[in-house]
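Before anything else, here is the set of structures, which you'll find just below.
Next, two complexes with chain A in common: one pairs it with chain B, the other with chain C.
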Partner chain A sequence: MRTPLTLRILHSTPRAGWIALAVFAALTWIAVPVAHAVLPEAHPLHLSAYTVSLLGKILCYMVVAVAMDLIWGYAGILSLGHGLFFALGGYAFGMYLMRQIGRDGSYQSDLPDFMVFLDWKELPWYWAGSDSFLGTLLLVVAVPGLVAFVFGWFAFRSRIKGVYFSIITQALTYAAMLLFFRNETGFGGNNGFTDFKRILGYSITSPEMRATLFALSAALLMACLVLGRYLVTSRFGRVLAAIRDAESRVMFIGYNPLHYKLFMWTLSAVLCGLAGALYVPQVGIINPSEMSPANSIEIAVWVAVGGRGTLVGAVLGAGIVNLAKSWFTMSFPEYWPFFLGFLFIAVTLYLPDGVVGLWRRLRARTAPATPTVPAPQQSKPQAEARREMQPAAVPIESNRLPAAKGAEA
Partner chain B sequence: MSTVTDVERAAMESEDQRENWSGNASTGHVVEPGALDLSHNVILYLEDITVSFDGFRALNRLSLAIDVGELRCIIGPNGAGKTTMMDVITGKTRPDSGRAFFGQTIDLTRLTEPQIAHAGIGRKFQKPTIFEQHTAFENLELAMKADKRVRRTLFAQLLDDDRDRIAEVLTQIRLDGEADRPAGLLSHGQKQWLEIGMLLMQEPKLLLLDEPVAGMTDDETERTAELFVSLAGKHSLVVVEHDMAFVEALGGKVTVLCEGSVLAEGDLAEVQEDARVIEVYLGR
Partner chain C sequence: MLRSGFTRLLCGLALLGMLAAPARAALDEAKVAGLAGDFQSRLDTIEALGVAGGDDARRVLDALEGGRLGLAAGVLVIVAGDSVVSAATGEKLDLAPAAAETFTVNNRVRRALGTARAALALAASDRDVRLSAARTLADNTTESLLPMFERALAKESDDEIRSVLARAAARVNLASADAAKRLKAAEALGESSDPAVKNLLAALLEKKDGEWVEPSSEVRAAADMAIHTIDRRIATAEAVGTLFSGLSLGSILLLAALGLAITYGVMGVINMAHGELLMVGAYATFLVQGLFRSYLPAYVDWYVAAAIPAAFLAAALVGVAMERLVLRHLYGRPLESLLATWGLSLVLIQAARVVFGPQNVELANPVWMSGGIALAAGVVLPWNRIVIVGFAVFVLLLIWLMMQRTRLGMFVRAVTQNRAMAGCVGVPTARVDTLAFAIGSGVAGLGGLALSQIANVGPAMGTGYIVDAFMVVVLGGVGQLAGAVWAALGLGIVGKFLEGWAGAVIAKILVLVFVIVFIQKRPQGIFALKGRFADM
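Up next, the complex of A and B:
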């Protein structure tokens, strides 16, 4: 009996997961928008524009973390250049936002201000179509996807792995940053894009727009989680994890690892691009510093803190680190880099499975009767037994590789 | 599954292959593109294969033919080129010169590892390589003969037939009680068996087994020999092994490799009396 795909997607996320998603949806689609856009400012439950933008920004980071986890946690490929795909999505949408400014810029020209400043007379060819919203959505997906596909094709075909791959991704994002810093590149140089006014003609600073962008970010995150859960519990996900653990064996049983890695890699980049496109209108600026290597490394830190190979861990990690960051940068701005470095070392040494791993260990201690390794369950109905065999949290066993090993794996 | 032949065909349909087939058409019988042609009763044919690594000749004009359904043992001292030979057959290493054919028509030197696996050659490594984080059941599921392209695997699901097939192989390799155990927690001998089971799931025509009983207990070794003997006929097997008792139990023809080429070939008893073989094994 074949089960329809929708049902299988439904089953791939456990019941508790759906309940959590429903609560999350209620909060992000109803509670936060109402608290921000409907309640008057004097109301004690009113959420300020600052808070909503901050939370919306973190939601976008969470999407990036999930994308990173899919490629790092489940396929064992550590990218230190995911910030590039995020920035590319952001720039693609930023171009549209620049065009939406229209003649309201300082120079009251049809061209974006920075082009007038450079004395350009017309839009460069690659800005064609940037005034169309649908065309922009296409670019948001296609640009990071294409860059990732071409880069991945060459890297995976040459069987570049482990730290070598990580270093090349780092170089890639650094090179892109230098390119975008140049005024001649046509993306606003080191100032990037800012001073956005409208999306689809509606003011970008209105509470309604802010609430909508926030709700869309939440929707994207939920969609990523459901899609991610389906992927990692499907046979595709098992092949991917098998490539991570014993690539040559995968080849000799007839799978082509190149296609598997490339698919996951490109999908991961596209998700980052979408997150970037939602991020830019919420923070109101995009510039080449988003492509700096440090940003990409931070993405890896989020995932490591939350717990590699668990989608919910990636979400938690991005949330915890970014909330800590916004508190630190307000209270002790000069200490943030030290704290981040300390956090990464501490997690690598003491929490190889991140926050989720810690939670599991604590729970195992309170209920010592539960064995870490599932005993043979022949008597269980097959459907149920199968579900337990899914690498739900992939390989979080006690004999698990330490976090640092992900770089080599 | 008809889709599988499609994959195999797609895998083979390169321009080079087409030329080969048209060349063969003149010999008189109809050859289906991509299908294994066993009309001459030979499943594997190596001719004058030479492989050098930095000047060292791992294989030196090696020629070897394996018949359909045969169980062949390959023995030889360390560095004789046994593993390199397996690498050439499975596409991991390209020979500097020489020809390697699977059946009459499939040129192994032109295919990639996954294409060769689809064509029907399964390989067991010297060190058991299984997916340690996956359960025994999942290991077999992944190895199962199926359409292994991304777009199919994304939507693949286990049907009842598949479960039955996996259960059957689990019984055959005596792991039916361990289906849900992560493979990394199995004993060494069980891992060896699991890898053999993965080969069986692929339903290969030719099995290459590199030291399959290394690290097994005597009892396990004996049962492995029984399993292989029962497989011969339906499959063709090439076994590389040092354990002479095991080779004797298998009872097939023996090929002795030395310094990258064939030194002697025949029954174990014959080979053991060969003066050159004795010299190689006992030193000069």
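Up next, the complex of A and C:
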């Protein structure tokens, strides 16, 4: 008999991980909401609205990073189009937010302001259902999921992979950005959606709403981590890692990589969509520049900085890079592109396993007696364990070069 | 042909005669006499002078416009400072300036003067002056100007001016009371390819108050025919124009993709900073232009030629630095290389922004590259694009020679096909990588040079091209020059036709969708290297 699912999920994360999650939950569900919404503004521990939405934004980015890590770190598929799914989720929720404005817009019309401005008389058909909250939640999941499923099905079926796949995903998000920039597409063109007023009738700027959105983002992040952990330690995750390291061999054994990749790809897109839906009300705007290729590729660098193939690494990376970005863009805006650029280069050259890999190397050096791979992690796929032991060189992948190139050529 | 040559010869002789004769006696007394007459005869005389042309006519008209023409002792005179000269002959007369009663110039006279001046300007040597004069005249024609149009037509060799003149002449004839003349004019207009002429003819086929504007059914039939011919000609010209802009877009894509095809073929690495190498080439061109402006202003038109080696070298050097410092250490990790080169592109863009400023820099087209060949009204093939198509062919030829006829080219092809085997038989793969990267980057620099002649040069100019260039490589097949050529031209031309049909954004999206669908069918591009490989 198989172990019940709950037990399997429970076992997939080590005890230290559950404790860390509990601390994180206490911080984000109790401490931050209290510090923002209950404590008076003069109190030294009070968190300003700016801080809370900045942290909430970073939590959403962390979810995206985890989604990216699931597909890149564990399935070896580098997507340069994850910003598209994030933005699609954001737009889906943004439609609901636009409808919630009601007649409070500048033109006092039932239609969103930009439609009045374009002289449209009624909502386009694809706005149907955008006034219902549940319908919107469905859209938030369904739209990125469906786009990813269709695209992934075509791409994986013809075994597009490696840099081919990366560039095509980039082209996809670029094309979508162009499409959304058009006014006729019906999503507000250049300006996108903004000036949101309320969710479910509650004001979007009230401290309570902010705290709620923040707590929800944290909950989503934790759910992602638990789910991701469960997936990558499961049998499914092992097959996926095997596909990552030697796809043809897995095929010869009798697995069809299409199903595995497609599932992970679609799941990753849905997670991005959910993150986007939580991001939009906290930031207060969504526009097509979210789909720019630069944004998507930045997601990859968060994961690379933290350490791909480790879920904690993705979270750390998103946090580090985005905090650095906030600081840089405030203090030395002209140096941010230099920093980001050199970060891309330095991480790929010197930190192939990111901050987490660095931490492991340091620990291995200070305490050579303890095993490199901690006990609870021994359940990890063998290939990944090997990767962790030799952070600088990825043995299987580097062996693949001549053969893989031949197949591509 | 023979006849027109003959006419030209005659005209030339006539001109010579005019030059040879003493300029003073050129005007007949009777010709200018009308200026002294009543208002209408004055207007007629002004027009006649314009039609007649010549320096003396200009002198008289100038004087009239300046309020210096007048009557003194019954003779038309021009007051020139302290002296008085005869209007007709220009001879000095023994009269005091105060004795002359100058004519006042009102608006109608001024308008007539404008027409006459334009008529005079038709004989100017500067093409632009003639063209603008012809345009002015074509807008308000009268029957009396007809002989002048015909004469100017006989002399004119510029096609654009000829078409304007012919249209003006035909417009006069179409208004003629003589049905035979109208018929001839309608038939003659069929030779045109100008939408304005089409409107002119279409006006004949309308009904006003139940009556045809044009009473003769024969003329109407001829006009109808002419409209059809014009329509066909315009459609052909537009198709050729679109084809050409597709070709020129294709050659830009080719220049951007050639380098990428080489580097990707050899190393399996997508250089995301490839677009920035275009930018480096464009800025190198800008610097060369600056050098020419400061030190060799006389040869500034040839800075583009001097920029060819400069752009190649600048981009090649940046490329070699990238390969040596970064990519070399990432062999076998294509996805990481992708990210690292993206980082490089960010650094290069920001560096350009810091060094050259965030605004676009200004690059002037050399004189020999401006203008173009007019196919029809509104359809012009600009010289700079023609030059770029030729340049792309030239670069392609060089690369082809390099790849097929040199030892380095052979090595590059060997490494592209099978790196391990090439290494085994003694190809210095590491050095080939560096050289291939240098050449690929240099070609991108040349692409930037070409781009600088038709597009804005700014720090972010290259970002849009990496995806397009990669599409070309994917479509054409890796490491295949022929594939890259077909793919670049195909994408360029299909893209431009779609653009005319559905707008730029939709066209771009359709092309992307097409490439994605195409890869379903042929994952290895149009031209695939043959071989038996499996990735184990």
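Quick note on the criterion: the second predicted complex is superposed on the first by the 368 of 409 C-alpha atoms of A that agree within 3 Å, B and C clash if a C-alpha of one lies under 4 Å from a C-alpha of the other, contacts with A are read in each partner's own complex, and residues count from 1 in each chain.
Note that a residue touches a chain if its C-beta (ideal position, glycine included) is under 8 Å from a C-beta of that chain, and two chains touch if they have at least 3 such contacts.
Keep in mind it's a predicted model, so treat the numbers as computed, not measured.
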item	value
Which of chain B and chain C A:H46 touches, first, second, both or neither	neither
Touched partner set for A:P352, first chain B, second chain C, both or neither	second
Touching partner for A:G254 - first (chain B), second (chain C), both, neither	first
Contacts of A:Q170 with chain B and chain C, given as first, second, both or neither	second
First, second, both or neither for A:H11, with chain B first and chain C second	neither
Touched partner set for A:T3, first chain B, second chain C, both or neither	first
Which superposed partner A:R361 touches (first chain B, second chain C, both, neither)	neither
Contact breadth on chain A, by residue count: chain C or chain B	C
First (chain B), second (chain C), both or neither touched by A:A246	both
Contacts on chain A seen with chain B and repeated with chain C across the two complexes	246, 248-249, 394, 397
Contact footprint of chain A on chain C as seen in their complex	264-265, 268-270, 326, 329-340, 342-347, 349-351, 353-354, 416-420, 467, 470-471, 474, 478-479, 505, 508-509, 512-513, 515-517, 519-520, 523-524, 528-529, 531, 533-536
Touching residues on chain A, where the partner in the complex is chain C	72, 78, 80, 154-155, 157-160, 162-164, 166-168, 170-172, 174-175, 178-179, 181-182, 246-249, 293, 297, 300-301, 304, 334, 337-338, 340-345, 347-349, 352, 394, 397-398, 400-409
Chain B partner contacts - residues on chain A that touch it in the complex	1-3, 5, 8, 231, 234-236, 238-239, 241-242, 245-246, 248-256, 259-260, 263, 373-378, 382, 385-386, 388-389, 391, 394-395, 397, 399
Of all residues in chain B, those that touch chain A in their complex	90, 92, 112-114, 117-118, 122-123, 125, 129-135, 137-138, 141-143, 148-150, 153-160, 163, 177-182, 184-185, 198, 202
